[in-house]
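One structure, pasted below without further comment.
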Amino acid sequence: MSMLQLAPTLDTANGRSVGLQRVVVALTVAVLFAGGGFLLHTEEQGQVIALLAAFVALFALGEKLPAGRRVAALCVAHPGTVNLTAAVMVLAIAAALREEHYTLLMMATVALFATAAAGLTLQMAFAGVPNFAGAAFFAVGSYVAAVLGTSGIPHLLVLVIAGLAAAVLGLLLLLPVLRTRGHYAALVTIAFGLLLRSFLEVNDVLGGPQGMKVPSFSLFGLSFSRVTEIGPYDVSFYLPYALAGCFLFALAFAVVRRLEFSFAGVALDAVRSDEVSASVFGLSIARWKATAFLMGNALIGVAGALYGMMNAFVNPNSANFGDSLIMLSILVLGGLGNLWGAVVASVVILVIPEKLQAIQEFRLVIFALLVIAILRFRPSGLMPRVTRDFSSFAKEG
Amino acid sequence: MDPGLLAQYVFNGLMLGTIYAIVAVGFSLFFGVLDVIKFSHGDVVTVGAFSAFGAAGLVAAAVTLPGPLALALGLLAALGAGAASGMLIGRVLVLPLKNAPAVNVLLATLMAGTVLREVIRLGVPNGGNPKPFPALLPEGVLAAGSFSVGIDSVIILVAGIAVVVATHLVITRTRLGLAIRAVAQDGEVAQLAGISFSRTVLGTFALGSMLAGLAGLMLGLYYREINFNMGVLLGIIGFACAVVGGLGSLIGPILGGFLFAGIQTGVTVVLPFTSAYKDVVAFAVIILLIGLFPTGLIAEKSSERV
Amino acid sequence: MSALLACNGLTMRFGGLTALDGVDIAVGKGETVGLVGPNGSGKTTFFNVLTGLYKPSSGAVRFAEADLFARSPQEIGRAGVARTFQRSRLMLDQTVFDNIAVGALGRLDLGLMTALVRRSRFRRQLSALVEQATALTRRFNPQIAANLFRPAGSFTMIDRRRIEICRALIGAPRLLLLDEPSAGMTHEETRQLMDDLLAFREEMPDLAIVLVEHEMDVIRRISDRCIVLNFGKKIFEGPFDALIADREVQTAYLGGGE
Amino acid sequence: MKMKKSLSALACAALTALTLQPSAGFAKDTVKIAFIGPLTGGNSATGLGGRNSAALAVDLHNAKPDAKYTYELVPFDDECKPNVGVQVATKAASDKSIIAGITHYCSAVAIATVETYNRFGLPVVVWGAVLPEITYGNDFKEIHRVNGTMINEGKMAAEFLTKQGFKTFVVIHDTTDYGKGQNKYFAENLKPQGGDIVATFAVSPDQQDFTAELTKVKELKPDVVFIGGLTPLGVRVRSQMDRLGIPAQLAGVSGIMSAGFIEGAGQAAEGTVSFHNGAPLTKYADGKAFMDAYTKAGYREDPDAYGPFAFSAANLVMDAIDKVGPDRKKVRDVLNTTKGYKALVGEVNFDDHRQNIVSANVYVAQDGKWVYWPDSAYAAGTKKLPGKTAGN
């Protein structure tokens, strides 16, 4: 909150200091991404722990110190600089780690789960429609990729169809989801996830429990899994996946961002926070919940399709409740409605347990305690959603 | 169909339904007082089962106990451990988070469940493997034609139904019950009337979790096998029963429990060779029912003021 | 001239309870009607029926020549009926502007294409709305207008009430329903708010207002005509002075235990 | 302001990290081998038993005075989830310091990861997964397997059970590929032997209550209930059969042949028959030594049914590396041609699909232990299988 109250004072800054502000923002983002890239890559337990400590310290500084709060407020005030720096840093990290298969695989995984989290953001953070079956819709995307991937349909189109398929399947749930609220709607999605998984496993049409092989993603005839070099450089075949994943996330980010900063976004917030007053002011609750639910599932489906193509297989276990909870944890830990938070939380949830292989069978319990600690002491997530502020848009227009 | 077998199916369904109902009632109680879903509830069942197992097993290893004494010991352990873990989770996680979004509480308690589960798996020797639960009830079989049922099963079923009735009495006849109902109706007003909010909430958590611990003991006695994972699916099913029946009510979850058990048993009877689809059918029915009765079969009172 | 709003025999039953019992209420263009009555007499229920939140059991509702009986809240809202709530229903963590914008959403372009692709169109609408919101809030309190992009939760109770009224007014309604605007405020604050409303009233002579209020002082100052409900029935209709003198009203209040 | 602080924090971090790195300079080169299996979740008992056994093999090997290299076992948790499996497989395989792997118990994970190992050229020896396609479904030179497949088990089960005079069967299998596969190979082999499957129930692996299915079984009165699933399923079915008074013989695949089954089912386990493609520890020349060393090492978990295979796989891999040095390609070629290798689990001979040729053995639960059938009181005739006393 405090960072927002600083924002108006920043607006009065003159042109030259705006340039300086941008530099500060760019450097901050660059350092954060560099640290993140290093965290993805390093396997030394000491370095992992030191990096984590550094991140915690950095976050604490950003909140406790006035200077830190100022920098944080600057980042909020210059989203364009943040996004541009982030894009450059992602490319730089990808270039630097171009041969590191595992790091790139994790990078792509983080990007795709964050994309799915963007879908959940539309549903849960904006419209307030709970979705406890994220992994199920994700798996639907993968299955569509498996079925259509070899059919000769261009793979870009397959991604789109996967999104549509997930949305259409979501239609089945629309009526009960719209008629209910809160925990009742949550159960509808939980039941759907369990049902879908059980069905895929029992029924052999889509490969039964063994699942299906998914062909590698290919773009304009270039199969990603055959990429071994770009120009003079040897690269991992996961490099194009990592880039495609990040690109997909960027698209999802743009969609969610633009939606948030539009009257449709205001409508969604109104519907979520108070159905009664929203309907008195002429908003159709059903329309907005349905829009968010279907769009969200479509995003999750697209991300799932690319994930399936990267992993080269899909099976019913991909749709399990535990994975849906992982997606949900990403959303809540990151901060409902903040997509950068979702990226940070994806790293925390997907990468850190992998980095902690040294603690082996104790991983799960330590991980669970970590999540509990975050929920308990930071109930609004690592990076809470920043209050939407239309003032800058209004001025430009 | 052979009436004996039919009776057998009905008995199986009743047994399953009673266990579901006991778990579901806990969900409903918590929701009633605090509007939260405590998803670690299924794992509290496991805690109860393992505590009874541990208490009965450890003592039996030291001295030979007569059956009833070992049972009483197991019962105490299950109730105590259930209540303790429930109150701990309530105190440390749920109460401090009561103003956070519902999904946070859900996630936090799910993780608490994971912790309980993992602690059992790692803490109990060879905890990853299923454990045999000692037979603490009198053995013997009652048979009539092709219907046969263990005396212990009958005892468990009767005890289970008695527990459900007792819970109803606690809620309607005791001071704790009065406090629970008052807080469920309106926490602020209850506080004005001199009812301690947090004590009532913790009391509810203790009561609901004792039920879960008891369910754990019953599961152990009935199936004679317990494992660290047994609470996961049970938790989801209990939640489903509570929601379908109507969160916050007492009769609703019981109804939901028997309904769910009925569907599962029914599918196996009617379509024995596609019984793998029984979960698909059961969850499809759940979705359908929620679509038809958006606030549960026994609708909770809408208290929204405009 | 026919009335802007005409309710005839409006009845609302909840199970065995009759909350509104054959109520006839008519409101003309530009008229301000005070709706009074003891607690539970059906005032808020009347608002809820009128705005479509409750489906009335029987009767007729005509608004601006259209039949609004048992229509959805959305339809009624779009027809030009706006309201405030007894308990504040603002989005406290959102900015004042966003809250006020909710009141205008009915006439704005909410299409996804506009949101995602045609951003310049969105920007134009946004700028226009910011101007309107600034102008509107300035009439009530310049401080609100100056801090249009701060969270609504950071304002005082009276300013929140003003924001709520602005949210109801931004959609240019023809009928404004105010549900106990004085609730939770001091006498002084209530007086200020009434001054604001009266000043605003001058500029919008066609706007009809129905006001539910317990503070007789407020009713006296603002309303052209009073209606008294008791146990869901209309027991009085007339000017304020006559109301004070009416015996039935007095018994209702004494018996109702205000 | 913040920039400086964060940079210095990062510098600090880097420094700490550097100092934390283990100092190099051992007399012998250290060679890393990966162990991958389920260390958390429902199948962790077997996974941990496998990991302990592999770790024991490494420790014993390192303790040999003439050891060429110091081996380091790097354990990974695949959580029995295919996508996690691919992640850790990629991690292990793309780590060039890891020369070979001892991988997977869960078939679904093993089948999902074969391509990863092939692509990265990491030779692996599967220590527990029994799905035939893992070795027979591809021609990847990197994939080896010391344990047998479910084909052996199914065939042996069908032959043995029919030879014992059982005629009617009910199969209860879980809906994972493990259970479905076991069902398939058992059913395929049973027909030619003249056995008759009167009902097949596919159930969810985490299903707790089987009374509905078993009541149906009671109605059908089969001679044998055959389990295609893992220990938890076996324990539940066995205990609940008793509850409903079903006298049939229980037989199951290797998935139930664990200490957990005997412990879990308690008294009721007596007389249960299982088929496993290994011989009992005591039949192995070094079985007792293994068990002694395992006990001495003080692991918290039992080695379980597949521990000896993980132990053997680890030794096989280390001996191959000793022979040709830490070079993945060379190690792979040595492993490919393994013939007559003396391992804990007996002689290892790889066929053209690098599948160890093993024959399944029959076991019976007797007096709280899994007993090699030929040595059992049942084979000697002093005890009778429960299904026989009632059914036949």
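Descriptive notes on the structure:
Think of it as A, B, C and D in the order they're written, each chain with its own count starting at 1.
By definition in this document, contacts are C-beta pairs under 8 Å (C-beta built on N, C-alpha and C of every residue); 3 or more make two chains touch, one makes a residue touch a chain.
Predicted, not measured: the structure shown is a model, and the values here were computed from it.
With steps allowed only between chains in touch, the distance from chain B over to chain D comes to 1.
Greatest Cα centroid separation from chain D: this falls to C.
Measuring from the averaged C-alpha position of chain A to that of chain B gives a distance of 35 Å. In terms of their C-alpha centroids, the spacing between chain B and chain C amounts to 48 Å.
Taking the mean of the C-alpha atoms as each chain's centre, chain C and chain D sit 72 Å apart.
The set of chain D residues that touch two or more partner chains comprises 40, 44, 48, 175, 202, 204.
Taken residue by residue, chain C touches two or more other chains at 53, 85, whereas all remaining positions touch fewer. Along chain A, residues 198, 202, 276, 361, 364 each make contact with two or more other chains. Residue ranges of chain A in contact with chain C, taken from their complex: 1, 4-5, 8, 255, 258-259, 262-267, 269-270, 273-274, 276-284, 291, 387-391, 393-394, 396-397.
Those residues of chain C that touch chain A in the complex are listed here as 51-53, 72-74, 76-78, 82-83, 85, 89, 91, 93-95, 97-98, 101-103, 105-106, 108-112, 114-116, 119-120, 122-127, 130, 148-151, 167, 171. Put simply, chain B touches chain D in their complex at residues 2, 5, 8-9, 12-13, 15-16, 118, 121, 125-126, 128-132, 141, 143, 146, 148, 150, 153, 219, 222-225, 227, 229-230, 232-234, 264-265, 268-269, 272-273, 275-276, 279.
Contacts from chain D toward chain A in the complex involve residues 1-3, 5-7, 9-10, 12-14, 16-17, 19-21, 39-41, 44, 48, 51, 74-77, 81-83, 86-88, 90-91, 93-95, 108, 111-112, 115, 119-120, 175-177, 179-180, 202, 204. For chain A in complex with chain B, the residues that touch the partner chain are 124, 130, 173, 175-176, 179-184, 186-188, 190-192, 194-195, 198-199, 202, 276, 321, 325, 328-329, 332, 336, 361-362, 364-365, 368-369, 371-372, 375-376, 379-380.
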